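Some structures to go through are shown next.
Same chain, two partners: chain A is paired with chain B first, then with chain C.
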Partner chain A sequence: MAYQILLNVLLACCWMFLIDTYSGTSFFIGYVLGILCLLIMRRFFSERLYLMKAWAIVKLLIIFIKEVIIANISVLKTILSPKSNYKPGIFAFRTELRNEWEITVLSSMITLTPGTLVIDISDDRSILYIHAMDIDDAEKAIHDIRVSFELGIMEVSR
Partner chain B sequence: MIVAAKILIAYLIIQGALLCLIAAVGTLRLPDVYTRMHASSKGATLGVASVLLGVFFYYWFINGVFSGKVLLGIVFIFLTVPVGSHLLGRAAYSVGVKLDKRSVQDDYKGHRNFVIKHKDDSYL
Partner chain C sequence: MNGHDTNDLILQTITKVTSFIILLFSFHLFLAGHNNPGGGFIGGLMTSSAIVLLLLAYDLKTVRQALPINFIYVAAAGLLIAILTGVGSFLFNVPFLSHSFGYFQLPILGKTELATAVLFDIGVYLVVVGITMTIIQTIGEKE
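The block that comes next holds the complex of A and B.
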């Protein structure tokens, strides 16, 4: 991915030298033309085009912000409801992710999403121990959300 | 335009302050360390982030200053609060703080046996 970005910047610099104007605008035009060149030449790269990866990151960020807002609303409901009928608990979650940075991103996302808090990660990095605010109705729904996070992170790292 | 910006700024700052207040109430009302951590980590994150966003918009729309420091502050809060609350929860568990009486499940207790026993489950 870094290699493709570097190539794109280099193509933009080439464009600036070709048209002999050194400004942000000409750099931008060169960058767009460079993207077109990479698009044409993409079958020579071993990875996929880096724009796809950037788009996956943007999608993950949008999901993340949405989940943070939902999390705050649900915690707010729990705190302000007069009767406390929730059942807290710790459950284990098996993750498919292997890289350390992927697990870090996943666990901080889990911590900031509705009613869950990562307590520990097992030594072989395959199980996350998660404290849930309400284990009854949350577990299945949370699992679905978690799968969407996990798939999003896989989409980025693929 | 300025009026709309002022309404947005006031909304963001009041929302942030209310979220922080509710997080503080949550740390008083909830029963044990872990559930309190839920309230403090989530409420404080979005609360402080929206106050900072309001400050950023104030400097941008009213004073015309694009203050990058405030945006960096938001990013750093979102990066560090989950890690901090994770470490606090883990430290509390390993010191031996009990879960609340209402807790129904504790998979982390004796987790090494658990790992061996349920190796093939997809999720639990």
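The block that comes next holds the complex of A and C.
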């Protein structure tokens, strides 16, 4: 991925040299033309095109923002309800991710969605210990959310 | 550093990125000192804070291996540079620590203002980094 971005930047610089104007505009035009070149030559790369990865990152962000809004509303409901009948608890979440960046992004997302908080990671990096504000009804739903996050992150790093 | 056995994966991963940003920001503060808030002192403190973040995320031994610098020597070199900029003013028959600046045409950068006060600032910067890191490492070793 980084190799493709570097190639694209180099192509944009080549374009600036070719048309002999050095400005942001000409760089941008060269960059777009470089994307076109990469599209034509995409079968020769061992990895997939980096634009797909960028799109996966955007999709992950959209999923994340959606989850944050939903979780905020549910936490607000819990806080404002007159009867406090929620049960906090800690559960273990077995993750498929192995790369340290993937685990960091996943746990940051879990922590940033209200109601759940990553407390610790096991030594072999396979289990996240998560504190949930309401463990009773949430655990199933939370697992679904985690799977959506995890799948999104896997989509990025595939 | 920390007595308990935890997996500091998140802290270490984030540190790998943020220390770069803090280092870059410290250089920015150092170079901005002439016309904007900033300068050698705050830049040096910021650089040491990046190293302190590394010390918090990893342990003393790892950072020692990654940065094999004796920070006392850094402080000494900074003092030497600061004194030499003062002594350098004798070459032009002006009082001790007189500073001057001028505009020069540099090959790539174009018209640039160069000031001898920056050299003095480098001395201040190195002294601050050396002293701060020496203090922190000495305290950290006394387990």
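Assume the second predicted complex is superposed on the first by the 157 of 158 C-alpha atoms of A that agree within 3 Å, B and C clash if a C-alpha of one lies under 4 Å from a C-alpha of the other, contacts with A are read in each partner's own complex, and residues count from 1 in each chain.
Just so we're on the same page, a contact is a pair of C-beta atoms (placed from the backbone, for glycine too) under 8 Å apart; a residue touches a chain by one contact, two chains touch by 3 or more.
Because the structure is a prediction, the values reported are computed rather than measured.
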Should the pairing of chain B and chain C on chain A count as a clash or a fit in the superposition?
fit
Considering only touches as defined above, state whether A:Leu61 meets chain B (first), chain C (second), both or neither.
neither
Quick one: classify A:Leu6 as touching chain B (first), chain C (second), both or neither.
neither
Using the touch definition from the top, say if A:Arg125 reaches chain B (first), chain C (second), both or neither.
second
Chain A residues in contact: does chain B have more, or chain C?
B
In the superposed arrangement, does A:Ala92 touch chain B (first), chain C (second), both or neither?
first
Check whether A:Trp101 is in contact with chain B, with chain C, with both or with neither, and answer first, second, both or neither.
second
Could you work out the angle between chain B and chain C as seen from chain A, using CA centres and rounding to the nearest 10 degrees?
70
Quick check on the superposed pair: does A:Ile19 touch chain B, chain C, both, or neither? Answer first, second, both or neither.
neither
Examine A:Ile69 and indicate which partner it touches, taking first as chain B and second as chain C; both and neither are also allowed.
first
Considering only touches as defined above, state whether A:Leu39 meets chain B (first), chain C (second), both or neither.
neither
Min C-alpha distance chain B to chain C after superposition on A, in Å, is 7
Which residues form the common part of the chain A surface touched by chain B and by chain C?
107-108, 118, 120, 122
Within the complex, chain A is touched by chain B residues 19, 22, 25-26, 29-32, 34-35, 37-39, 41-43, 45-46, 78-79, 81-83, 85-86, 89-90, 93, 99-100, 102-109, 111, 114-115, 118, 121-124
Which residues, counting only chain C, touch chain A once they are in their complex?
5-7, 9-10, 12-14
Taking the complex as given, what residues does chain A use to touch chain C?
100-101, 103-104, 107-108, 118, 120-123, 125
As the complex stands, chain A meets chain B at residues 68-69, 71-72, 75-76, 78-80, 84, 86-94, 107-109, 111-112, 115, 117-120, 122, 124, 127, 129, 131, 133, 135-136, 143
